Structures are given as C-alpha cells and as structure tokens.
Amino acid sequence: MRVRHAVTGSTSLRLVLGIVLLLLAAMPWLIDPFRLSLLAKAISFAMFALSLDLLWGIAGVFSFGHAAFFGVGAYALALITRDLSFPGNGWVGLVAAMLLPALLALGIGYFTFYGQVAGAYFAIVTLAVSLVLTQLATTWVGLTGGHNGLFPVPPLTLGIPGVAEFTFDTPTRIYFLQLTLLAIALVVSIGVVRSRFGQALVAMEGNESRARFFGYDTSALKLIVFTISGAIAGLAGGTFATIEGFVNPAVLGIALSTQVIIWVILGGRGTLVGPVVGALLVAFLEDYLSGTFLRVWLLMLGALLLLAVLFRPEGLLGTRKIRRLIGTR
Amino acid sequence: MAVATAVAEADAILAVRALHRHFAGLQALDGVDLSVRPGELLAIIGPNGAGKSTLFNVVTGLLAPSSGEVEFDGVAITGLPPHRIARLGIGRKFQVPNVFDGLSVRQNLVVASRGKDGLRGLLGRDRVDPERIREVLDRLGLEPKAELPAAELSHGERQWLEIGAVLVSDPKLLLLDEPTAGMTMRETRSTEDLLRGLAEGHTVVVIEHNIRFVREVAQRVVVMHRGRILADGTIAQIERDERVRDVYLGRTA
Amino acid sequence: MEQALVQILNGLSTAGILILVALGLAITFGLLGVINLAHGELFMLGAYTAVIVTDAGGSTWLGMALAPLAVGALGLVMERGVIKRLYVRPFDTLLATFAIGIILRETMTLWRGGRFERVPNPIQRQVEILGARYSTYRLFLLALGVLVLGGAALVLYRSRLGRNTRAAIENREIAAAMGVDVRVTDSAMFALGAGLAGLAGAAISPLVSVEPNMGLPILASSFFVVILGGTGSLLGVAAGAALIGGGQALVSWFADPVIAQISVFLLVIVVIRLRPRGLFGR
C-alpha cells in the first residue's frame, strides 16, 4: 500500500494542493479572459481526472471508457438547460448531470462487479459502453443532434429560482464557479478516501482476496465508489458543456477516455491531487496544440507510458509497491 | 482417502466431502474428504502442486468446486462468496504478508477487524472493539510496537501481524497458509508458541513445509498429493508411512 | 422469404467475421492470459497492409497474404520486447499494451492523415441462393472464418507447438521441467494471435472504411466473443461468434442496427453475470 497518499495526509501533497488552489484563485488577476476560460475548461478535465483517480488510483478499478460518464453528464445538462427553460433549470441540470451517470454506473457495476469475472472484463465493458453511447449519440439525431451535436448550450443560471438568479456568463464568473465546484469535488473525494470507507477501498486495492477474507464485500465497495466516480465525472461533463457552449459525441468517446487515463498516470495515480494538477497542465497545453502537434504529443505520451511501465515498475511517481504483486494471482 | 482418524462428521467443525476441482484437464482436487474436529490443530503437508492451497481456496469461497460440498459448523457453505464465509467465522491468513505498510500496527488490525462489520461498520457507527485489538496485540507480542508503521516490522513480525489481522475478528476456524515462511529459527519457535496458544479456543489448520515446526505443533497431520489425501494421522504415523516417504523422495511420479 | 434468408446469411457471415476477428484474441487472452489492449490496432494494421498493397497496385488477395506475416512479425517483436517482461505483472501488461495501442493509432494517423481509406472488394459479384441475392465476399469471409478456426484447432491439438503450448498453459513449471521451451511457445503463440488479427483486418477491409481508430470496436467485440464463449475454448469462440452474430442479425430484422448492437451487448452482459465462465469456459 502506498505511503505517499492522500489517505495518510502526506504533508507534501497538502502543500501542493494548497499552492495550486491559491494560484488558481489568483488567476483572474493574472491572465486574460480568453485564457481564463481555457483554464476553466481545463478545470472540468481536472474534475474528470479526479473522478478516475478515485476509482482507479484509490480503489484499483481500471476503467477504459470513463468518458461515457463525462459525456452523459454533458448531454444531460445541455439538454435540460437548452430545451427546458424554467426557473431553476440550472440546478436541475447540475443534478441530472450527476444523477444520470451515477445510475449508469450503478447499472454497469451491478452487472460486472458481482460474479467472478476478471478485472479486464470490467475495463472492456466500460470501453464498450463508451463506444455504444458514441454510436447512439451519433445516430439518435432527434435527441442529440447527431454528429453535429447540440448548440448552443446556454450559460448556467443558478441562485434562487424566480427570486435571485445569477447567470454565469462572463469568463470570470464561470471560472469562479468552476473553482468552487472543483474545491467541493476535492473535499468530497479526499473525505471519502480518509474515511473508513476509503481505508477499506485502499485495503481492497492492495489485495482484493485478502480484503474479502477479512469479510469485506468488495463488490459492494466497488459499486459504491464507481457510482461516486461516475457522478463526479458527470458533473465535470456538465460544466464542460456550459463553458464550451456545445456538445458532440466526442465527449463520450474513446479519445477522451484515453486522454484522462494519461492525465491520471502523469499526475500520479492514487494521489488525487496529482491527477488534478496533471490534467490542468496537460489539458491547458493540449488546447494550444492543434492538429498534427496533438497527434505527435499523444504519440510521445504513449511512448513515455510504455517506457515507464517497462523500466519503472513502481509507477511513474513511485507510488506503487511491487511486493503486493507476488503470490496474489 | 481419509484413513486413521475417522472423525464423526456430526462433530466436525469443517467437513469437506468428495471435493473436486479441475482446471482444463488438470485435477487440482481429485476427491478430497476431510473432517476437522473443533479445537484441533491440523497440519496439511505435501509437495508443491498437491492441492493444498486449492483446498483452502475452495473452502474460503475464492474458488467454486467442480463438484463436492463444504460444510462449516453445520452450515453448507459451498459456493458462497468469500466475504460471507469470512463473516461466518473462517479466517484465512495469506501466504505472503500483505500488511498495510503505511498504517501503524494497531491501524492494520483496526482495518482488518472492520471487514466483518460490513457496510454498516463503514458508513454508520464504527463498531471496532479496542479491547479486542489490544488483546490481539498482546498475544502477538506486538503491543510495544503498536504505533509504529507496519513497514518497520521485521519479516517475522509481519507474519505475526498477518495472523493477528485474521485473529482480530475472532474466527472459529483459522486457516494459516505457511505461517513460518521466511522466518528465522527464533521467530519460528515463537510462532510455535503462538499457535499452541491459539489452539486453545480456536480450530487451526496450517499448510506448512517446515516439518520440524509441524512436529512441534500439530496433533494431526494430513498429507496431500496430486489433489488427494494420501495419509492422515499423527506425525509419528505419517513419518512411518511408506507411501508418504515415496512421495517425498520422488519414487512415485 | 428472401428477407429471412438474407438475415440468416447476415447472421452467419457476421459470425464468420467475428470468428476471424476474435480468434487472435482467443489465443492471446483466452489461452495465454495476456490482456492485449492493442489487439484492435493489430487488426487495424492488417487492414492498412491491404490498403498499402492495393494502393501500390497489388491485389487484395496479396494484401491478405502479407498482412498476417507483417502483423505477426510485429506481434513477435511486441512479445519479445514488452510482454515477456510483464508476465508476472498482469496489470502492467494492460497498461503497456494500452500504450502500444496509442502509439500504433497515432503513428498511423500521422502517417496516413487519419482519413478514411478503401480497399477494393476482390469478389464484386453477388451469388444467388434460393432466390435471394447475397454478397459473395461475405460468404467467403464466413468460409474463411471457419477455415481459420479449423486451422487453429489443428495447430493447437495436432502440432507439437500446440501440445507444448497447452502443457505450458496448464502448468508452466512442470512443462519446463519436461523440456518445453516456454519462451518459444509464448512468443510463437502470441505472434500467431497477432498474425490472425492482421489477417482478419486485411480480410475485412474491403467491407469497411479503413481508419486509425477502427480497432477499438474490434477490441470490444473480440473480447465479448471470447468472454461469452469462454476463455480457453476454441469451440467457445465459434459459439460466442454465432450467438452474437446471429443475435445481431435477428434483432436488426425488426429494429435499427444500432439498437441491434446495443441489445446484443446488453444480452452478453446479462449472460456473463449469470454464467461468469462463459458458455464453454474452463
């Protein structure tokens, strides 16, 4: 089990988190509005990476198609705020952006965590879900606008419906909303990890059979963390939709699912803070890279990842122990 | 084929009947019948691949048998998931110590003890019994090191902590998979004392390769070979058994 | 009546295609237990081999002959260079093959520009069966699938390599003690699996648009066929392919093909939930 870990409240991680949040809070005074909205979008991806790290880095459940939840959240919020204009639709949109992916996760989890199939099965099922949903979004033109997607997605209006509403329609407002939501997501995730439930997850990640022999119902544990992860990913997707102003099937697809895996690995799997920072940096950068550069960038990331797996068995940031791999299969 | 010590099944705390388990043509368990009396300290020995760990895996629910039944304390447990079997009172110690290095010795036991409390113990009120934790620490002799990170323990101490992690939920039946693996002579002697102490109040089944250790602690020894029970008796009887010697000296393939 | 026949033929030919596509994975994952997330990319490279050959003036048949060799060679390199080092770390195999998949996808995108490419169908004719007209090429694929499956069975059960591999799978240590060079069987079988994926890619390329991301749905389908049929069983591959192919054809009779895909997908998930070992798994 990792020592440098959010669970043990490592000082250096807390320090990093503190610095990062302070820097982020100061951004509106440091950069121009255009870059600010790019950063706000990157925060959506940071939340997304956080959701995957909770599931994968902490609980050890690898998801190959995590964008399915991000995308469902994005579409849910887009449809509600765009097509149903009633006071309070911002809140309903946010709730739906979390609830629908959570239900999806519950469904998938129920059919995959129970029964004695290998972890690879779950990974493949999530891949298939991501593919199927992308297909669905592309062909169900009536609902999703098909290949062209939904446009425009209005800015979010929150506050007290009918009484004191507040629309997030400037880069600064959007940015602070994002920062707040990120902070909340972080608080929730760190809270989960430091709780008894979180300790059980880490025990399970270290050695699932052993955890079961202690009496832990690992299928139930996985189901719960998967649902939470799905909800956070959905929230990330929803916020992305309102910032971008537009959703298309790419938010559900495999490219995004692949990218978030890389963000988590680069940031430091299992540290929660690492993937957030990693995603912020890399996503922010990727927005600058277009076309060919992006492909070369991805190619380099792939090569880096391969080298890391081959030659640094403890993981990229030394966060895994080799020992647990002996004698457990 | 169980031999000498015929234990009346009605008394048995663990009864395994006609257990088979195959993997793609390989018979890991080829008709195992075994009954364990409450309070017994039984050692299972045998060459690698004899099926000892597979037997444990089936009893603890990690593997489903291809055929046969397992009964624990009168309750049929064949096919139940591992966590349910654990909560019914079977504790299994893993072969390789897999303690939580980042946590203290005490915290290791706390996390292990919560397993049986289920989700209610994680999300609702914490049901950990600090008295019980202290008791186990005492018995293991790890009380002085209770607050140290588990990473700082010696290999032998880690093995004991593993045993403690299983003990802490007070199981009726303890399955120990090579408890003395990698231990020094001194640590092995201490483990012998530990086990003898455990046998009072628990039923213990041990898989071991260290014959000296087995001689010191086991009342009854079962020899497994190629998925079957070859011999079953006291250590003295086993050592005199021709077939056992053949198997260990490799005369039979 | 014709409609029914067409649908039946659809189901059968889809099953044949699925067998082709999944067989490579059945060997690498089902038998060797290697989680190869780059399986789809190996398929994709087979398809691109056909593209390159036909662009250079060669026939599709030539492409189909070269693809398994080229991709099989790549598979050998993969196994020797990467997979071999990771046998004791199965999760890292997953990550490593994931990385390889990315590398292959992005390399092809950079090289070929990510556009959709075509391979000419070598059998443009249609055949008439009981009043219905059907693509001869699809029937060819059905035959090829069955043939390749038979070939794989022969290799696995009649050849020395096959026997050694099966022994090594059952018990590595004992097999090694009996003189089986496990490294050779590992490499050979993985290369075979890769080559089969390449063959499938080239064979199916005339029916689809070839582009760098085409491998991902293939990966998913292959896994489902193997898991449904049961790992370690060639018969399982046939059964899984037949059920999924047949199921899709059946449902797309009265519903949208996308709905058909989804419903079959859901069905597979439910079946696995009830029978985790699949239909013929060990």
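Every chain is named by a letter (A, B and C) in the order it is written, and numbering of its residues begins at 1.
As a convention for this text, contacts are C-beta pairs under 8 Å (C-beta built on N, C-alpha and C of every residue); 3 or more make two chains touch, one makes a residue touch a chain.
Quick caveat: nothing in here was measured; it's all calculated off a predicted structure.
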item: Chain whose average C-alpha position is farthest from chain A's own; value: B
item: Pair joined by more contacting C-beta pairs (A-B or B-C); value: A-B
item: Centroid spacing, where centroids are CA-atom means, of chain A and chain C in whole angstrom; value: 31
item: For chain A paired with chain B, centre-to-centre distance based on mean C-alpha positions, whole Å; value: 41
item: CA centroid of chain B to CA centroid of chain C, Å; value: 43
item: Sites on chain C at which at least two other chains make contact; value: none
item: Shared-contact residues (touching 2 or more other chains) in chain A; value: 116
item: Footprint of chain A on chain C - complex, ascending; value: 29, 35, 37, 82, 85-86, 88-92, 94-96, 98-103, 106-107, 109-110, 114, 213, 216-217, 219-220, 223-224, 227, 256, 258, 261-262, 265, 269-270, 272-274, 276-277
item: Contact set on chain A toward chain B in their complex; value: 1-3, 5, 7-8, 116, 195-197, 199-200, 202-203, 206-207, 209-220, 321, 323-324, 326-328
item: Contact set on chain C toward chain B in their complex; value: 169-171, 174, 232, 282
item: Interface residues, chain B side, partner chain C - complex; value: 23-26, 49
item: Residue numbers on chain B that touch chain A, as the complex places them; value: 60-62, 64, 81-83, 86-87, 91-92, 94-96, 98, 100-103, 111-119, 121-123, 126, 149, 151, 165-166, 169
